[in-house]
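Below, subunit A partners subunit B and then partners subunit C, in two separate complexes.
On to the complex of A and B.
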């Protein structure tokens, strides 16, 4: 909580953001991560043959596009002092249901309407339980994530992986290229820009920082804290749907087993490692981009070196742990001001 | 009484509404919801799954339950300490692997395998504990990461060694017994779970480390400020959780004779759901091992039941998700609103029809007619005193009175200008009396019966009586000791006005009007306290009759005075001597002419009397209106009444100006003066009584002249 450290730090962060460049005099997590990413990039360029090629660079960006889109949604939620653990479940299960509907001859428009309604409903439910029932976000989203996966898997679809029907627009989307760059990169860039505009230049975007930094004070000055909370979870759910469609587009099917994979932690990793404090009120789109860059380079390098997937998980977990420890040391909890029940 | 009133009287006087509120104050009501859920779950799945309750089936399912319960116990302790441990599944799996590796690949003994499993769990738990406890990272994310880390490690190890384990020839009877055997009909895992549950329960409820865990979970900041080593306590909870998981992992290693990719999968969400469904509170401090175990049985019965009923992939997760969401929401809402619910339902008014009364209005020519004489009283300690409920004078003419700050203040004779704090007791000293040795006996509101010696030593005489058999809330404690007086044999008779409300909530008691006031006696010979009479509407003042053979006591909300006989043919019984007064009686004291003084703390009003005949209206009032808008008894006008031995009213004094003594809670005659106190007043009044004996004092009247 920036308020604890004195407002000056929070003000500096925002001032720094306004310029748009990291403040080099103040070494923060984002700066460190950015430096590490550059070092890693340099090392990989020197050490790994075939790393610094146009194709590989595009592959790096492409590989983190879906992750980045999910991380954008997560970032908006985390800045408002929340977390959305249901993102991956929504991403995979909504698209799986959509494709299942298409495969069972439901008209495209109707199917999409169903799915969109379902996704928004889960977002609303998350937001409602967090905002109006005062249930901690981690439990709400853990529960809804589990529910979404279980319900769709057991009631709506018949197998783990659902293929995209031949010739459907989702399939065509996957093949779309512009200047030899896959379309998801543009989608990621576009969404990042939109979220940046939202957070920087809209009233509600600015309010998210206030609400995340000190919800009670934000409420006292008349900010509609609760409706905004609901909006954030809906936004995150919608982002998940977009990410899911892009995943299906590039793989021509969606595998619901991804819910039980470590993708969810990768999303948190991207957001946290980029320097978005889990206690809310700080960070922005740039942090997501820095985090995504590091993870993208790392994953790509590990793939080129041919490290098995299991070991990649181990390495990612170790990095995430390091990021959380650094976060904990930079923003330590204080016995006198820490909130009771804040786990 | 018309039909409506008769109906209301039956409805509100015979249906024990007040028990709802009293039951809600009990901590065990927290267990009621999970317990009902447990019964319902077992009932539903027991009836739809054939053979659910068969012994062999139970033995098989309880074996799994034993392992799961161990994990849930660990999770419960961590949650009680204010944290959460999502890495239980990983610890479980890694411990299982450690045991399997030592036994099947290194081909060592089972006990060494157990040691390996325990070490794995303790080390992993210590890492969690170090990160969360000492580095103060956020428990949820940290254990989430260590969970991924442990899981990745486990997956690597299992895929590397799976083939070797399959080929191993190692076997052991001990291993088979732990895995498949039973002992007195129960499997080893169930025995271990039971033993660990009992030990943990005792440790949590009856040992210092356990209390520290609860204190840290209940309020981390307060625990820190109280000097509890918060970080070490948190650290230990995670180590304990690791220990529990490692035993579970060892057991499953024995049962399955191997470790597979599915070992411990989804265990964290199951254990978390179990703890929360059982009623262990998120954020710490509230919960118990028993609750965790109830949750464990519910969750395992549901998930296993669904598998046995043949529901497909994902159903379990769906059900777990719903269970978790519902349980967490109920937990949070209940915690937040329990107070409100309790406030809403606690006040349970009863029906009472007050009798017709004579008027007390000036000019009405009744014995109760109020005049303006008390407004002529001098003031003592004006502005210095707050709430002199009772006043008393000693043999040296010094004046004593209690204050709302918990002090007894002494004003020095002869002019009562100088004062000092005679004794500090705490609570709210109300009724006062001097015993034969000159000790000042006081009924201290919210505390009990106290004695202050002339050397100012404060001593507690009594704070409780015997608990009655039908009580829900412990009524042994004296909630509102109000007034006392002392019999010639030294026994102290005193009143406890209500069992339902604390002293400062006396107004709520008047609105509820339930008869729970008591008359008690304290015997200094054996320091015992006995309840003599029960079931009066706010017992208040007590006064020994001049002959010491009976005593008078006031029943405030019923506007009655009773006489309780200590000797003679009616000994041990009470009779009503004054009924249907126009005012609410408070303290009673002796007068010099053989009569008695009685204070009126307030006056009856037709509106409040009417409301007493409408308990439904008062119930709605306490629920829907803010307290400022409630209809209370009128305490803005009071007075002093003199009555004789038979209960006949002699005269009534009042202060119609309302400036000096609008309400009176006590008065004491001393050498021709009447000293007047009021619980909401800021002074003691001194009024000269015309024609009173100028030498009469109460200590002499009680204990005779000092030779």
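On to the complex of A and C.
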């Protein structure tokens, strides 16, 4: 009963009622980004030979699968008015440690148990510090991310790149195909569906919106805001582990250098460009999918045209900026829509 | 005053040696002079990061020699962060234990130029390793990247063969690192001589394996008849090879790359057919070159910044056919050796 009530209140307040197509009459950032993605898709279909082929479309989805999985975890955290800057460190370092344990003849079950325990512990630590010690999420996760990287890199592994042992299940996972579609795509789709169900149809999922929109009010009406917060960071950490395993599966190794790359910003980008407000309480899985679609189509088209990386970054940034500016004009911020705690 | 003292010292030394020499005629003066100039000298290596094969190999060979002649060897690990490297160099120059020789693996052409100048002004010899920079260092030890690119292109042309599509794809590093820019220039020089060969795509990987995989996947879909791909570093060529594997084009696309000649990174992958050819740096010899130039500089007595020597490492494209047991060096073995001490 409580869940259903929560759902109806949430639907009214947050205008999240429509599943499926964005609401065209009142164009928001998600709609704008979706429109840009469609336009790009159409332009690439007409202008680029070989763009609209089954293989290429699969490649596009695959290229953003790992990014999308990480963005799903990030989305859950951001909707609850938080941010997880430790995601990429957890992704790379947990799997690097796992592979290192395997390469030094630790039994598979034990190695996996260690790593899973480590990942959950970091998620719990993030959540605990944010929820109970009241440290801002941005500082907590920045610190734990650095800690995870530094500790694992200096104490547990010997090299940046750790290979997957020959014939190990992670290697076999990377070769898995159903209907010629790589396994990452299915994992991404499956996780997206699960997160959708969680956010939309479970009590705790709905509560995340309340907690993100107004944590104090949510607490006053009896929502267990703090334990839920911990859960979100644990979820994000677990998503990062899955993303890391898929990366290693495809490349047959994991390179911890990825922690220094722009991947973390790309994750936030995918979530935010799709329309999940950094101030919390807004958005859902659909926004992640729209954001991921735009980035995927954009990168693929630019690679086909053979645009140098420097210009690719410039174009990516320009489109992002454009979407934000248009959103700012169509949906101006005012005192009623702005929230305390905006980043 | 100083001059007089020097002259007097010289005169005394001369007198003493003239007097002593006949008695100890069998003694070689070399080792004493060698020990005098080298003993207690400090050598510091600042690579892009300590976590990859090249840096770990250099550190191993340098440490062994430097400690053998009574010097101290240190490394700093900027972990791929340019600022952290700059900080490490700044701290080293300013510290009481300023290194006598600084070996720098430059991230790009310009970032550390000013710092290297400062180091030389403070009296530290500066060696550039592997990546050239816009700075007249005391010596550059590393690959001639242009030549290396030429070797890669020749291997690719040979790997494709006369009856192939003659389409080549490049996976560049980035547009800032000298190793990437010069490698590209070298490749293009060779391909100009083979006008029937064409480069169908040349995306950047940003040295990241996942990006390399994604761009190579797209490249192979656009041009399924590509006969060879040149990826600019074995650190990300695992991505290009994954794309080839996924496209079921193993054996049809001849993958060429370059690396430090580490066993698991290069030779093992030549054996299992992942790579068609690898232009490998002879790391032990490259480290030997560094050791020699360090010993020369420390004994030369010349002020830092006097000479500008280029010592290019001999490079060679290795394929499965000409692989020998000693083609590669084994990082695991070096680590075991270090751990055993």
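As a convention for this text, the second predicted complex is superposed on the first by the 289 of 343 C-alpha atoms of A that agree within 3 Å, B and C clash if a C-alpha of one lies under 4 Å from a C-alpha of the other, contacts with A are read in each partner's own complex, and residues count from 1 in each chain.
Operating definition for what follows: contacts are C-beta pairs under 8 Å (C-beta built on N, C-alpha and C of every residue); 3 or more make two chains touch, one makes a residue touch a chain.
All of these numbers come straight from a predicted model, not from anything done at the bench.
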item	value
Touched partner set for A:153, first subunit B, second subunit C, both or neither	both
Which of subunit B and subunit C A:252 touches, first, second, both or neither	second
More subunit A residues in contact - subunit B or subunit C	B
Partner chain in contact with A:310 - subunit B first, subunit C second, else both or neither	both
First (subunit B), second (subunit C), both or neither touched by A:265	first
Which of subunit B and subunit C A:42 touches, first, second, both or neither	neither
Doubly contacted subunit A residues - partners subunit C and subunit B	153, 160, 310
Residue ranges of subunit A touching subunit B (in the complex, touch as defined)	129, 133-136, 138-140, 142-155, 160, 262, 265, 268, 272, 278, 310-311, 313-314, 316-318, 320-321, 324-325, 327-329, 332-333, 335-336, 338, 340-343
Of all residues in subunit A, those that touch subunit C in their complex	49-50, 53, 55-56, 59, 62-63, 66, 153, 158-161, 163, 174-175, 182, 247, 250-253, 255-258, 260-261, 299-300, 303-304, 306, 308-310
Residue ranges of subunit B in contact with subunit A within the complex	82-84, 131, 135-142, 144-146, 148-149, 151-153, 155-156, 159, 219-221, 224, 230, 269, 272, 276, 282-284, 311-322, 324-325, 328-329, 332-333, 336
Sites on subunit C touched by subunit A in the complex	49, 51-53, 56, 79-81, 174-175, 201-204, 206-210, 213-215, 217-219, 221-222, 235, 238-239, 242, 245-246, 264, 331, 335
